[in-house]
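What follows is a group of structures, each given as structure tokens.
In what comes next, chain A is part of two complexes: it sits with chain B in the first one and with chain C in the second one.
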Partner chain A sequence: MSGILRALLRHRSGLLGLVLVSVLVAAAAVSWVWTPYDPTTTDLKARWVLPFRDGHVLGTDMLGRDQLSLLLVGARETLAVALLATAIAAAVGLLMAGAAALAPRWISASVVQLVDVVIAFPALLTAMVLAAVFGGSLWTAASAVGIASGVHVARVTRLEIERVRGTDYVLAATASGSGTWRTMRRHVLPNIAPTLIVQLSLVMAVATLTEASLSYLGYGSPSPAVSWGRMLHDQQPYIEARPLLVVWPGIAVALTVLGFNLLGDALRDATDPRLRGSGVGSAAPGGVPESAAEGLPKHGSAAAVPVAAVAAPASAPLLTVTDLTIRVGARILVDGVSLSLAAGERLGLIGESGSGKSLTSLAVPGLLPEGLTASGSIRIDGVELLGRPERQLAGIRGERVAMVFQEPLTALDPLWRIGRQIAEPLRLHRGLTRRQADEEALRLARRVGLPDPEHIVRAWPHQLSGGQRQRVGIAIALACRPALLIADEPTTALDATVQREILALLDELTREQGTALIFVTHDLAVVASVADRIAVMRRGRIVEHGPLGEVLASPREAYTRSLLAAARATSFTPSPASPSAVPPIPPSAPSAEPFEPSLATEATT
Partner chain B sequence: MNETASLPTAETATETAPEPLLSARGLRRTYRLPRRRLLRPAPVRQALRGVDLEVREGGSLGIVGESGAGKSTLIRLLLGLDRADAGQVLYRGREVAGGGRPRDLAWFRREVQFVPQDPLGSLDPRMRVRDIVAEPLECLADASTAADGKAGRDRRIDEVLHAVGLDAADVRRRYPHEFSGGQRQRIAIARALAPRPRLLIADEPVSALDVSVRVQVLDLLRDLTARLGLALVLVSHDLGVVQLLCEEVLVLKDGRVEEQGPAEAVLRAPRSGYTRELLASVPSLAADPVSAPRYGPTR
Partner chain C sequence: MTVFVVRRLVLLVVSLFAASVLTFALLRLLPGDAAAAIGGITADEAQLRAVRHELGLDRPLVQQYATWLADVLSGDLGRSQLNGTSVTAELGEKARVTGPLVLGSLALALAGAVPLGVLAALRHRSRVGTGISAASQIGIALPTLWVGLLLVTVFAVQNRRLPAQGFPVEGWAEPGQALRSLVLPWITLALSEGAVLLRFVRSATLDVLGQDFLRTARANGRTRAGALWRHGLRNASGPVVSVLGIQVAALLVGAVVVEKLFALPGAGSMLVADVGNRDLVKVQGEVLVVVAIVLAVGFAVDVGQRLIDPRLRETGR
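And then the complex of A and B:
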């Protein structure tokens, strides 16, 4: 609890929200024991007193009532309506959502239908009808807003419950023997809490607004009651002569709504341990994998990549990357990487997660995610790409450099037919007519081995299997015969038998078209079957770089050696002489240098 | 290793009846797909079409198959998380009725625990490590363990965290996001070990991990199952992992058992054509890279 409060106080807008809501609560509380004047006493001799005159801080209205006192007392009504409406909304929302998620099918189906119908009723209108029938009061406003918002809350909450119930940790809890109610209490509720908090803070804001609107329209609590909406209502006829008097309740309503919203958002963040920092109070996380790059020095030393120069091929290079450094803020993710690639050459870029291999490959066609900045130099055919405007990069992409991505489904537009996706780069870069492009697309579909190409060009991406989608991805990438193909883990999401076919296809097509290849992967065995040369990356740097056979047979770096040992230890060996021929896994880390630094130094972090 | 002294040792496992620990007979499961036409019956997908398997006390079975082979469905049925349309899952001869009330399966869950695939997704982000590992202890407490109370439970949590190579005092109060992938999988394994199970069912336990961490986690699993005499069912698409950890292999294809037998026999001299194709597809990293096979043209 104290952790949540501390996180709330660190949150700037959360602090503002907390202050605003505290002021509201304090105003309501103070008004019970003290107000500058009696808010309901009229004093016709002191009408329209301006602010800061005769002890009226905010002045008086047409009946001589003190505005500050009215505002203070009005806070009670606002707070009461907001709290009551939120309580009703929470009760209605949780009950309906629970019923929709847990009850037998026919109950849950009818609840969902009911929610859809009720959601169509405007809350304000409902409140006005209720007020007309039962007389305006705090209760009519609160229950109208509460029920109407409750249905909205139910809808969102049900979806959240379903989402959380589909997670692996709920599955794991069930496998641990956790019952339905226990899972709801221990896993589902805490994980839907953030959404619920935001929803309920919105209800508070809506309730505040609705109360003000109702009172303004004359459907609010009857006469002796004081509320901000009623103040607006009373002063409306004089708005031209005394505009200031409308401003005070207006500001009060606006600040209250703002306060509820800010507090709700901040509470959502503060209750999330992932955003709150460490549970034991220290702000430094123990072993977040992405933190691997944090320990890097600010300036990449050239000594870190001594092998880069060695590997430069004799002929004029197609691609030259020099001292590429990628930063996000002050953090260096890729640290002074230098590479060069001759036409038709095939480079395997190897590394574990967080090594910077994907960022390096994305930087070449200028596809780095927003917020990341690259420095150094990337040249294709001797032309500098870094710092070029997006328009020119778009021309180079697809025509000179193409990419194949890991997840072929997300890389294809779900709303475009396959044939059109293949034809698009042809029309864009080679200026073919629609018909020519379609014919070429069909030819490419046949070339990449798609079954029944005449039909498949008319199909949608979701109708294809993973392997077929990756074939489409390759067809798109190679459509314009690029000089360089960058494949980022293109077979990681595929089954072994399909992986083999895709690797063979990539191999065959790039050879046939003389395309240079950068193959990015974590899998040494895969890279061994497509690359001529490999570069091993670790923590944003290239640690080893050389011809494939050389690196695999006699790696220079300890890291490469242990990576190879680990890969060999876990990779399948087709026909072992005997089971004991499987190399025994060394008891701890495969080398003196641990890969998971936080694991070895656990006690100290 | 005195911190693991109270874990059951391999000795207890040997004095058992010859009956299999876990067995499945004729498992079938069909899923209904979304209706295409209003008046036609909804199409169905047969995820499992009659699967039989057996795991002995202390034995290890690797289930291999590609996506869509029915591996996930089989795991759900073996764990009693879902009900089979036909066939039975038996544990020590007693039927495991899946899909029913969780309490009815408490006896089964005390003996059979689960190590899921994605070590981040399978740990509740809002729970501390202590509470995550305590979960099966709380849920599965019976008369014998209830007497231990909170102190006994805390002791057990520390024990299993030590057993998976984590510093209990340091990690107990942390949240899952503070750990690396390998450490998270260690936590998931600790959770599975907590109720002193006799069988672990692991679903692709290392496929989400980096290769160097993979070795460590596999090493840990192999070490623990050997030391504690645990039986292991390991589902994986990675033949290397299966080769390393399993004595028996079952190859699943389209919901049927394609081939089944001792790992050495199946992986060295597969009888089925599909298994041969599967074995040939694995890119290998031969010690001598020059002789490593390169893929020729597909057709």
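And then the complex of A and C:
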């Protein structure tokens, strides 16, 4: 609890909410012992006194009542209704939620049904019904809001109870003979308490608004009681003569509601561990550039790898990356990477998580996440891409440069049919009509080996398996026959047999279309099967770069050797003789980082 | 999908039935005496009995409910206990003001909330984004009735550009006048609803902006804005549509306050007057209509969600 309070104090708007609510409580408390004037006595000689005259700080109304005194006393009504409504909401909510979660099935089903119906009765409507039957009172607003909010609380709490009950520690407690009530008290209640507190602080905001509206409509507490809503009601007829008088109670209601809302929001943030202390880039201790030299004594020689010497293709390069540096704020994530790729060439970009390989590949088509900046030079067909406007980059993406992503499960739009997604680049770049695009999508679906293509182009992404979705991803990427395909860990999320099929498909199609390939992976075994050359990245730099066979046979870097050792340890020996053959793949890619704990993992994924 | 719609329709009917029982119970079972309310404090026991008999209050409750339900199903919401006017006819008449009021402010709220919410999400780190967020937070806190009073003060009292009170006696026969007298009520009601919607549009858009498929769309050749427009907004619309369903209830309730503020002769003013007169038959009919609208909108939202998202269609829930 004290942790929540501390989080609240650090939360700027939460602090404001706390202050506003404290002012309300203080005003109500002060009004019991002192008010500038008696709020209910009328003084016809002192009608409509302007603010700051005769000791009336906020002036007086048509009956000569002091406005500040009325506001202070009105705080009591607001606070009373808010607290009462919250108590009723908590009682109704917990009882209904408990019944729904714990009672025999037929009771719980009807409670859930009842909650759904009662939610359709708005609080103010119920309050007016109660006012029609009983006449207005403190209880009218409080019980109407209490019941209306109570069913919301019940709904949220029931879901929370079900969630908590399914967790391992509660199951364990039940299994070890803890009774239902004991389990509820010891394990479930403490866990739902934060959700409950947030809900109840929002109930107070609703209660304040409803009380004000109800009093304004004339159905609040009857006369000696003072309320802000009734002040508005009383003063509306005189609004033309004294517009200021409706301002004060309005501000009071608005600030109170704002206070409860801010407090509720801040409590939600404070009690949600996912949101606590969230900040960009807080994951990596120690900056990348500083530590880059530590575990890598031969760094100097690595930087001296003559890129041009190994990479120089005979023809003009398709892609030239020179001194690419990617930063987030002052932190350097990719540090001076240079690469070059000829048409039809196949490069494996390898490194552990956080090495900057994914960022490098995303930078080429201009798809870096927001907040990251790239400098240096990226040229395709000799044309500089860095610094180009989004519209021009979009014209190249999917047309000259295409991408296949790591997560086939999330890379497709869940609301678009498969065929339409396959045809998207064609419609964008080739301006195909809908019918032509449909035909083309069908042809591509068939080409990437999707089963029952006529049917599958009409299907939705969630109906496909991971491997099928990655085939769709490949079909999309190759639809416009791009010159360069960047595949960012395209097989990592798939299981072993599917991995092999997808690799073979990529290999076959890129060869057939003569597409150059950058294959990004952490898995040496995978890269050996598709690449002609490999570049090894570590901590934002390329540490080794050369033809596949050379690097595998005689790695110069300690880091590359350790990657190789890790690959061999999983019973696989790369065969430099046949780089294009699909080798047996280890049952599962080594998910534990092979070398050192990775840095800046957040930024790359 | 058809199976779902049928099942949801059955659920709607069950809910409507339960709502009618609740409404009836709320007004007839609570310890208040309608007869005493009508007869007044001077009425003696014989007069009260006569009133009760006239209203059918001396019959068994179940029988009273059955009669009422049968009438409601045939479209008759009963007659005023005070002057015998038909509730159905009067509500139909008042809906000609309340309907345009609610729908117009809903449209206005959406027209403001969607573009501003998307903008606040796109620029969430900049001053524009945080400014819009803060403004919406304040908009939620501002009581509708106070905003209305301020608008009345500024537009109707200070510079008299727009009518602040009432509705033309000729109604929609005087369309220009009618529209003008709805402008301030529309703004008043749209402001707080728009602020709530804006927050949901913003958070839904922020969610979508982080999704992989938006990056895929850009990799296919869409611009950032194009990807958001063609792929993002439809994905973001799911949560916004559910909130919209909940907000319809808030709009109907808000209309009660706004009609009173601007002296509009709509269903809200009718309800306020009937509560004051303790005309329980009318209140009962009005409450039932509001709740039925809320439940029907809930049904429409559930079906709409499934039209938007194919994944929901298959779970059958």
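The rule is simple: the second predicted complex is superposed on the first by the 449 of 605 C-alpha atoms of A that agree within 3 Å, B and C clash if a C-alpha of one lies under 4 Å from a C-alpha of the other, contacts with A are read in each partner's own complex, and residues count from 1 in each chain.
Everything below uses one rule, namely that contacts are C-beta pairs under 8 Å (C-beta built on N, C-alpha and C of every residue); 3 or more make two chains touch, one makes a residue touch a chain.
As the structure is a prediction and not an experimental result, all values here were calculated from the model.
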Partner chain(s) touched by A:Ser353 [first = chain B, second = chain C, both, neither]: first
Which of chain B and chain C A:Leu9 touches, first, second, both or neither: neither
Chain B versus chain C as contact partner of A:Ala26, first or second or both or neither: neither
Which of chain B and chain C A:Val57 touches, first, second, both or neither: neither
Contacts of A:Leu505 with chain B and chain C, given as first, second, both or neither: first
Contacts of A:Ala103 with chain B and chain C, given as first, second, both or neither: neither
Which superposed partner A:Thr410 touches (first chain B, second chain C, both, neither): second
Chain A positions touched by chain B in one structure and by chain C in the second: none
Touching residues on chain A, where the partner in the complex is chain C: 13, 113-114, 116-118, 120-126, 128-134, 205, 209, 212-213, 216-219, 229, 232, 236, 239-240, 243, 246-247, 249-250, 253-255, 257-258, 261-262, 365, 367, 371, 390-391, 394-399, 402-403, 405, 407, 410-416, 424-425, 428-429, 460, 462, 473, 476-477
Residues of chain C defined as touching chain A within the complex: 14-15, 18-19, 22, 26-27, 30, 32, 125, 137-138, 140-146, 149-150, 152-153, 157-158, 211-213, 215-226, 231, 234-235, 249-250, 252-253, 256-257, 260-261, 271-272, 274-276, 278, 280, 283, 287, 290-291, 294-295, 298, 308-311, 314
Chain B - residues contacting chain A, complex: 66-67, 79, 81, 101-103, 105-106, 109-110, 113-114, 116-118, 121-128, 135-136, 139-140, 165-167, 170-171, 173-175, 177-183, 188, 191, 195, 206, 210-216, 218-219, 222, 237-241, 243-244, 263-264, 267-268, 277-285, 287-290, 292-299
Residue ranges of chain A touching chain B (in the complex, touch as defined): 167-169, 171-180, 182, 186-187, 190-191, 271-274, 278-280, 285-289, 352-353, 449, 466, 495-501, 503-505, 507-508, 522-526, 528-529, 548-549, 552-553, 562-564, 566-576, 579, 582, 585, 587-590, 595-596, 598-599, 602-603, 605
